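What follows is a set of structures for review.
What follows is subunit A paired twice: with subunit B in the first complex and subunit C in the second.
Right after this comes the complex of A and B.
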């Protein structure tokens, strides 16, 4: 009998943290990543809310930890299907590679909402309209600002809930993190352009996490950022390389128009994969309309995926979550996997020997 | 006359009285203009055209033939077969007695009174004709019975649920002709005579005592059916013919809908409840409440609450297209909404009026409408195309826009739409232009039908096609496959199917679809209603996308901002407006926005 192996699909924050935890418990891990480098969505962020922690530093320390003898990282491998065979799972990639493991953790994460679907906001049409992700890249200098360098006091707008809480595009969920992220980005923008005028257009502000509410207060008091309750109705071109936005200030009961140098769309989270479940196999497919995030077997057993023994799910593949929550979830899942493997009869002796 | 004819005579007379009362009531609801129209046009060629249509549609049912030949034959054999029997009976008795004005029951029960006519050639022919006609009716009846059990036989997926009176009438209608055959067979078997059909059936062992009861049963079935007729869906038989006449005389719907007044009353009661509109409806099976036209009409007819059925419909016009009777269903629904929403009052007096000091001269006025604001890419593309073709244009609603008014009309607020329309008219007339181009079929319909502008109105797909025909716009034929979605307000409303296809054919290949052109499905988000639940609309969109994705095209193309917006939310195949396709070509795939592609590649995948 051999040492148990766990396959983790997706090397974002959830996959990385689950791998590290399992390795610490002396379990072998195959970590699959379809991109060239591990890190997932985390690698695109500049700083993290609510403490403005440097994303690169966090990512570097995490990646350093996975250079562990028990962890094998496979990059540019896209998993297409997992198949059950004699209490084990066979993982197949697009390139028809096969891997056998005793348990699987799905950590496929999320995709950002495709902002072109909200054509009325003008993304992809007017250069002043950017996504929250593109703004992060502007902060870390990987992308040019959408307005001229001569502008000392740029006017910027942040649109909350783009592709979240929106039945029109089939995304009924709240993406949870965009509220505080917009606050963080607005502050960061004000730090770079102290004379800038910044407005946030929101439906509700959901400052649920530790330190979020404080950050929101800081944005208003210290940075004079305007928060306007009301959704944007449209963005249109305006004279002088600006974008003209119309909205309604629902607290003042007044229609509102602004000419902006930059409009940031806080794009929400959408599922990255759809699990097409058959009797003895699960196909990983591209999600279609209204095919949402992975449902765990029940909310109180959130790490276990449906009634498929040995298949677990961690992180944002189950629904929007903050990075802190994802890391905790990944660690908890790793423990559940450990317990599962211990329970598996064939592995009992081995586990006894190793521990 | 023999007493067994009494049930028939009683039933027939009663029907006649009820019909006269009901019809005269409806006639009383006609406006003076409509009365003048009837009086002035009754003795013109229009009446002959109407008779022709009555023959083709009320008797031969040619439109149903086009939907499904078996269904068409069923309706034709029942209607035309019965008509042949009536005409034949009249001729038979006239010939036999030499008196044309003999009572109807004499013709109907002729065989009972004269089982054996002289076996001369002409009588043999008449006998043969009568029995052949009966056979035609019976063949239709057989199909009708099979259809009740297996509707697929007649190509139908959905059939109507009928009320009790309707089912009673149906039962007795079904009894009439088999009983006639049995009664005639019994008479033939006992007294001789008959032709080829009774020649076979009279071989059955008929006891002399059953003859009279069979004739009684036949007479009772007729009687009960006629009593039920004015209160059941079979009222459509006489009403449909009158409606055709009224329409040919140019009678117009009364301004306010009343279900028992004027043309609307005739239209509502012309519905045979055949249910052909059910299969045509893209929203069939969607939602808890069935709101298809046959149910809507049925509720109005029976004086029930029809608010839901009137309001839920998306007004795609499929049912009106399919209706074999040609009932103007959409105007009926809008009139019903006007009654329901008469309380609703909007105030648009704040809209600015335009003072015209001088008129700017240009080629085209572009009007993109409210939905154009949801689709800025389409507007941008259209402007690029104008520039490319060297056409001067003014974008009338670039900064501020006033709604064309059609959404208001569709909710039943036609009067209130007037103010918006007059403001828009002022704006359009403030330019000296050759043509108004609109990128929205909903606006197009409103401008074209209700505005009375001093310049022609065209939809942008037509305009692009015209520019291409004139050689002002040119595109190389690419290897891309397009599936084209017909917007209802452009396709069914204006039969504009070819212009957009011609444009696309120049730029690539247009794939054929199982449901397209006049049968195309609704995108699920027409301005027709806002009351249908989003979830239900999304179900409609799903069905439509299934058809549009049939041959796995590279792009789904449409020419309506609402369709584009709706389809693109749910489609896994990219959806484009026809103008966008032309500006994006030739490397359409690479050109979906450089930044966007870059973003997709680096982050989304």
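Right after this comes the complex of A and C.
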């Protein structure tokens, strides 16, 4: 009897961890990644919240684990469709390659919000205005600081909720990770420039995870970071290579202004794909305005995609989540896939090997 | 480069200008009572304050003014406190409010 094969679409943290778990259960995996390298958005981060863990170390150890005889990684393969055929799924790529598998896990992740859409912040126009992703690249030396080296005490501002909690952008959700990411980045910036003045412009501080609230208090007490409640209204150019920002300080009940050397936009998470479901096939499409993330069958059966037998979803393709949540979700999904294969395929071989 | 004008403005009379340097004596107060930085404007201190009931003084507003470098009323506002300490029992962030108030009432502006 042939061993069952699972196709995993997207080799970010969710896809990688699901693949590793399935391989440990003796299931064969085809792991597809449209980029040149696996790693997803994790490959962009310098250090991780809330513990400042080195992102490269985590990425390396995860990627080491996928060199497993049961895992076959296909890079630069963009999956565009899955089709049902006799209890199996046919996966097709942009290059019309086809792969047959017994189950599918969608782990296509998220895209960062395109900051040029919030025109009032002038991203792409003023060099001082950068995204949280670009700041991570400055931390690890892959990008120049947007201000002169002579500035010993740079002034920096962080804008929360850029492209999140915003019906104007069609994104009503909270991206969950950007509040704590801003706090982490503000601290890291102060460590590099101890004389810097740093303000975070927030609407609510959502410190939901373990150690997040503690990190926030640390930012206040040990790093003297100022938290201003109010959405930044506008950024405009100012004298001496600075950017001028305006906001309503809603706690002070007064308007506020400041000239900054660097303005960081905490860009939110948006869905990477939209699943267009037909009777016997699912097309992977570019999401349209307001379309949102993939819907699982229900919140309490969150690993199964709709009522499509053999199709599962894990990670941020279902909505914003931190790495810790994504890794746990991927492992849980791998187990559900295993249970599905065991039931559907009556596959004695997997049972024998694992018990 | 041309851009859409959203018409955002600030009224100059009321604006808080964060470009202004905080006075050294204010920095000193934060240094002597660093727990001030912990305040999250939850308002518990004001909810229990008897002095505030009669004078309108609210400690979290004093604290906010200090954060934003708005110092003109700081000393006078602080003077309304009678140092009973109820706020400190109520504060969830452990701010040493009475000590901060004492420091503020003793401000000697240069």
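Throughout what follows, the second predicted complex is superposed on the first by the 344 of 355 C-alpha atoms of A that agree within 3 Å, B and C clash if a C-alpha of one lies under 4 Å from a C-alpha of the other, contacts with A are read in each partner's own complex, and residues count from 1 in each chain.
Note that in this section a residue touches a chain if its C-beta (ideal position, glycine included) is under 8 Å from a C-beta of that chain, and two chains touch if they have at least 3 such contacts.
In this text the structure is predicted, and so the values were computed from the model without any measurement.
Of the two partner chains placed around the shared chain by superposition, subunit B is the only one that A:117 touches, whereas subunit C remains out of contact. Of the two partner chains placed by superposition, only subunit B is touched by A:131; subunit C is not.
Of the two partner chains placed by the overlay, only subunit C lies in contact with A:258; subunit B stays clear of it.
Contact comparison for subunit A: of subunit B and subunit C, B touches the greater number of residues. Within the superposed three-chain model, A:199 lies in touch with subunit C and out of touch with subunit B [touch as defined at top].
When both complexes are overlaid on chain A, the residue A:221 reaches subunit C alone and has no touch with subunit B. In the superposed model, A:149 lies in contact with neither subunit B nor subunit C. Residues 119-120, 122, 125, 233-234 of subunit A are contacted both by subunit B in one complex and by subunit C in the other.
On subunit A, the positions that touch subunit B within their shared complex are 34, 41, 44, 111-112, 114, 116-117, 119-120, 122, 124-126, 131, 133-134, 167-170, 233-237, 286, 288-290. Residues of subunit C touching subunit A in their complex: 1, 3-4, 6, 8-11, 14-19, 30, 34-35, 37-38, 41, 64-65, 67-68, 70, 93. The touching residues of subunit A, counted against subunit C in their complex, run 119-120, 122, 125, 199, 217, 220-221, 224, 226, 229, 233-234, 246, 249, 251-252, 254-259.
Subunit B makes touch with subunit A in their complex at residues 373-377, 380, 534, 538, 542, 565, 568-572, 592-593, 595-596, 599-600, 603-605.
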